[in-house]
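The structures come next, written out as structure tokens.
In what follows, chain A forms one complex with chain B and a second complex with chain C.
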Partner chain A sequence: MTATAPPRRAPEAGPGSGKSAAGRRLRPRVIERIRQGGLPYLLLLPAVLAELLIHIVPMFFGILISFKNLTLFYIHHWNTAPWAGFDNYKAAVKIHQPIGEALLHSFWVTLSYTLLSVAFSWLLGCAAAILLQDKFRGRGLIRTLFLVPYALPAYAALITWTFMFQQDTGLVNHVLHDQLHVTSSKSFWLIGDNSFWAMVIVSVWKSWPFAFLALMAGLQNIPRELYEAAAMDGAGVWQQIRKITMPSLRPVNQVIVLVLFLWTFNDFNTPFVMFGQNPPHQADLISIHIYQSSFINWNFGSGSAMSVLLLLFLLVVTAIYLLVTSRGRSENDV
Partner chain B sequence: MSRFTDQPSPMAQPKSFLWTRRVVLTLLLVFVLVPVYVMLSSSLKTLQDVQGSFKWIPHSLTFKPYVDIWKTIPLAHYFVNSVIVCVSATVFSVVLAIFAAYAVSRYRFMGRKVFTVTVLSTQMFPGILFLLPLYLIFVNIGNSTGVTLNGSRLGLIITYLTFSLPFSIWMLAGYFDSIPRDLDEAAKVDGCGPLGALFRVVVPAAVPGIVAVSVYAFMTAWGEVLFASVMTNESTRTLAVGLREYATQNDVYWNQVMAASIVVSLPVVAGFLLLQRYLVAGLTAGAVK
Partner chain C sequence: MRSSSTSSRLVAATALVAALGLTLAACGGGSDDDNSGSKSTGGKTADANSLSGQTITYWASNQGTSIDADKATLTTELDKFTASTGIKVKLEVIGWADLLNRILAAATSGQGPDVLNIGNTWSASLQATGALMPWDDAAFGTIGGKDRFAAAAIASAGAAGQDPAAVPLYSMAYGLYYNKKMFADAGIATPPTTWAELVADGKKLTTGGHYGLAVEGANGAENIHHIFVLAKQRGASWFDDKGGPTFTGPQQVAAVKQYVDFIASDKIAAKGNAEYVQNQTITDFATGKAAMMMWQSAAPAIASHGMKPDDYGVVPVPTQTAGATGDAAVTSMVAGINIAIFKDTKHKDAAEAFVKFMTSTDEQKALNGKYGSIPPVTEAQSDPAFQTPDLKVLAGVLAKSAAPLPQVANESQFENLVGPAVKSLFADAAAGKPVTDDSVKAALTKAQQQMPAS
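Now for the complex of A and B:
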């Protein structure tokens, strides 16, 4: 999210050429523009065409069909689908009607799922990165093993977790019931209330290595002298972590939290692989909810309206988040 | 434990820290590795063994699941589909991204900011947002020109660009930025055109970054489920959707599911772990700076 702009090319104006300050600032830029001509645009052309095809046109098209009453009947001739105006949107936000109620429920499920998953993923990633900061025997191996969930294809890992959560034959019930005797009977994990928690656990398992990876990189940028100076002043390890490591990681943390939030909020794989097309009520994430209303109930207009609402929500959250964190950062720097 | 450190740590580590480290890292290792162990051990069990209550140690080891997976479902066919789709999507997006990232990294031009912001912001959009319209656009193209994109490999490749292209442009631009400009300036002085400088200097210098981006693009495509479940039919089905077929009406062949999971994971996990050093550097150059 914070790709840095490359360093600006140093102005090439010769010293003492007698030009006005404005002229000196302007001329090299203009000359460079002319010299480079249309080349950057030519280089960009293939990517721009692809972007138009895969992102821009579909997005406008999606907004268009969200105003249409596009059902299975009209799918092969979508332009003959009757105009619906704001009906799809009204239905989506009417929280006392079935469609709106289901969407709101799904929104709350997704929000709690996301917040829990991001919080735990960040916590585990942070702990692992800090504890692996110093060299010790086995550090490289542990680091590699921690990245395995990240490297595994999502569906292969998810299918394995589904197997582990099976009621009769799964590892989870075997450990909880047969081995530890924590539960009196083998509980169901893939239906009912437990399904939400099963999904959160799997999501944390999949996401935390990303936080770990990014934080490890962030830790490398902290100068070691800071720790040495703090140690001279008599600060212990815990104090150093609190006073040096955590504040230095702030910018990285902000990126990680935002990226994880967006990924998890849009997560489709987890419920789809674990529960199939009809996840339990407690695990009805928003992207699978939209998928259902589009590809199972064949109401594309309604599905598109929900997608647009989802996008608006994510844009607002991102904007607020960036505003709040950048303010926090500038206060810190001053 | 401090006896084994490679270099003296500036932190004097108290017992509490060392114990926290041991306990937390052990718990995390268990959390990470248990599913991997379940995958591996169950793939070596017989069907009866896997249908009973879970056992940590298989009763008898068998490699039969690894033989049967190819017969129960057309796994080889799905494998080929996945390879074709993922390799093509990766090649397309990385090639397009090399040009675009070079322009973004080396030139200041009007519209540069609009382009980068657009590309970046599409990364946060939910996949379903593009899936619905693309599906309908493909239906339309099919109706008017007779070119079937829904259910074809080409259609799936195009939809995979929706996530792999922005990601590749973003990471490669970050990587190109880290290559000193003096290098391509020098090439231009020696008589290379801008494209010559790109292909003779920048691209060779960026090989680790290009490898990293390609592996990531491939990995993401290999694990993709949403587009694959809508955009494929019986003949173009990828592994992501195909593995579900080990579940029949009466039975789930869990040992075969696990064996197949191992088989489909091996190429990407091996690639990732072998190239780990590059990948971590490449990702952090693009993502965290």
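Now for the complex of A and C:
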């Protein structure tokens, strides 16, 4: 009560006491209101403005362009491009027409790439985090080494992989063919069917340290007493992982899987550095596909429509994922 | 509590996904052009005094061994221009991978350089955007007239029937480079003049880990350049008179198949060539791994690998039959770089003065001499620097048997769709999968179906 007393007393001075007096009364009131409820919004304002300028406004124009027939003929005065209505969307979803068929192929390639990459990244990260949970000599060094892919500049790492995958002179074929004699001939990794697997390998290599890092942090929060009690009750390592580690890591895993899924589904760097702007058919990720439509074929309307469709798909997937995972967690909490 | 938690998480996820999706929806970027402090003549005819003190921005394409090397080369020349006119030039050398996107962003925003380099195969496509200043007779008059330039080079500067969108700056043409010692060792007295001879020679030369020919199978632009010539030699083009695609004709199919067959059935090129994309062809040729290659103005690159000019020869690319004439005699596309003026420039007169300088005979000798290209200004071609055996052959090709790629607005889409289709066929050949007329036609049909309406 004492805290709110001064602003309540201020109006009692009554009207007619002059502008300067009103100003003097108003200023503390505004400051107090800001202090009571507005301060968080004030602090958020720069971020909101930045979000508007950097994301929302360009996204608005991106959506606008998706309804226009914006090709190279109109790029100099893009706002004069003729209205296309839903034509760009229709072309994108007509899966028996060339544009739709190519987009659908690209979608399946991307989905396969994403699921495999996320699955292997999570498995590797999880295994490494659990193995490095207990203290032993050299653990810090190994942890640091595991994080190297995450710390390296993406372009440098990817171009190095490209060199390693070269058919004639690459390290991969040198090891597989020349040293281990696993393959009968030197395989192609940057063209043809193997290009997809080359891309998955590189993606897993650069993604799993993130899973490792997040899971390692999650493991630190699990009380050691739980393991000690379980061990005393006769639970083995595998049972401890199933009954203690995994349930405790559930919130962390939800974030890891969602973030890795979104990152990998939108991955542009990996195919672009490995294959250039025209990747093999087998490695035609949707991000490159949209880039080609927009910036190589100069059909920005079509590219924007595809982007919006991709955005909607990711929104739906994310919503379903969060609903399912949060429901499961709530039930567990009960 | 649960619904509140879920909804807040959905909002957060929406924001996250929106941010990620936006990277695709709003890719682009803008020009970082900075003309502050420069003056505009407002389009009026300006004398030297009024131009002096202006600053123009020039986007140069990467021509030499590196961007830094190009900066050094060009800065020396641009200093001469500034000394003679008082016009300062703000230079930016841009790699080929970025140049087109930078130009597109500039075209969209209107905030571009005053003068820029473009690949000559982009001329008609960029012309269609309306972002480049048309070079009518009056504009050409300011740089000495259209007649100073090789006709083939002018033909690759814009769509037929329209004023060119740019001015030729560096010209190049394809020739067949052959290794003299490898030919002699194989008992081959003269380089091939027909494709049948090339394949026969290639088979003799393919032995002991060495191959008769090297091709850049995964390089879409290279693929386009070669299949253009092979189709032209059959009397076919890739676009009809109205600019519509004609990818699936029997001659076009035969042209692509002939090219892919160097790996698929002739086996005179190594399977590994199917993934070559970054000039590995030159490396193979210069290191003796391949006895022949079809390349444009390759002398500087070959020399950088230690191969001496006397060790190789250059002749025109073969034709289908000996002594071919007309289209059947076409052995090269007109390769090269053009210089253009951005239509939105506020320094039109200074920009024209700069183009005049860059296309002056002296500068043509200096710049083309440094880059190993052929001056499109015919007067400069007589300079002793361009009388080396290889450049004489390439200049002859440019003058007599080179044809510009189709100067249609959709040319860049042609490169983007058909180039990768050929790359994919090379991949099939390398993997041992059959490459037939049907599979070639299917690939070209798919490419054609994705071509936007012109």
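Here is the rule we go by: the second predicted complex is superposed on the first by the 288 of 334 C-alpha atoms of A that agree within 3 Å, B and C clash if a C-alpha of one lies under 4 Å from a C-alpha of the other, contacts with A are read in each partner's own complex, and residues count from 1 in each chain.
Heads up, the rule we're going with is that a residue touches a chain if its C-beta (ideal position, glycine included) is under 8 Å from a C-beta of that chain, and two chains touch if they have at least 3 such contacts.
Bear in mind the structure is a predicted one, so any value in this text is a computation, not a measurement.
In the superposed model, A:Ser287 lies in contact with both chain B and chain C.
Once the two complexes are overlaid on the shared chain, A:Asn278 sits against chain C while remaining clear of chain B. After overlaying the two complexes on the shared chain, residue contacts for A:Gln167 are found with chain C alone; chain B is out of touch. Of the two partner chains, chain C is the only one that A:Ile191 touches; chain B does not reach it. Looking at the shared chain after the overlay, A:Ala102 reaches chain C, while chain B stays out of its contact range.
Touch criterion met: A:Asn297 reaches chain C, while chain B stays clear of it.
Shared-chain residue A:Ile320: touches no atom of chain B or chain C.
Taking chain A as the reference, the larger set of touched residues comes from B, when chain B and chain C are compared.
In the superposed pair of complexes, A:Gly236 makes contact with chain B only, with no contact to chain C. When the two complexes are overlaid on their common chain A, residue A:Phe73 makes contact with chain C while staying clear of chain B. In the superposition on chain A, chain A positions 51, 55-56, 58-59, 61-62, 75-78, 166, 168, 262, 266, 268, 287, 290-291, 294-295, 304, 307-308, 310-311, 314, 318 are in contact with chain B in one complex as well as with chain C in the other.
Residues 1-4, 6, 8-9, 29, 32-33, 36, 39-41, 43-44, 46-48, 50-51, 53-59, 61-62, 65, 70, 75-78, 124, 127-128, 131-132, 134-137, 142, 144-157, 159-161, 163-164, 166, 168-171, 173-174, 178, 205, 209, 213-214, 216-218, 224, 227-228, 231, 236-238, 240, 252, 255, 259, 262, 265-266, 268-269, 272-273, 287, 290-291, 294-295, 300, 303-304, 307-308, 310-311, 314, 318 of chain A are the ones that touch chain B when the two sit in their complex. Chain C makes touch with chain A in their complex at residues 2, 5-6, 9-10, 13-27, 97, 100-101, 104, 107-108, 110, 125, 128-131, 217-218, 220, 270-272, 274-275, 277, 343, 409, 412-413, 416-417, 419-420, 423-424, 426-428, 430-431, 446, 449-450, 452.
Put simply, chain A touches chain C in their complex at residues 51, 55-56, 58-59, 61-63, 66, 71-73, 75-78, 97-99, 102, 166-168, 186, 188, 190-193, 258, 262-263, 266, 268, 276-278, 280-281, 287, 290-292, 294-299, 304, 307-308, 310-311, 314-315, 318-319, 322-323, 326-327, 330. Partner chain A is touched in their complex by these residues of chain B: 1-2, 4-7, 9-14, 16-17, 20-21, 24-25, 28-29, 31-36, 38-39, 42, 50-55, 92, 96-97, 99-100, 102-109, 111-112, 115-116, 118-120, 122, 124-130, 132-134, 136-137, 139-140, 143, 158-159, 161-162, 165-166, 169-170, 173-174, 176-177, 181, 194, 219, 222-226, 229-230, 239-240, 243, 254, 257-258, 261-262, 264-265, 268-269, 272-273, 276, 280, 283-284, 286-289.
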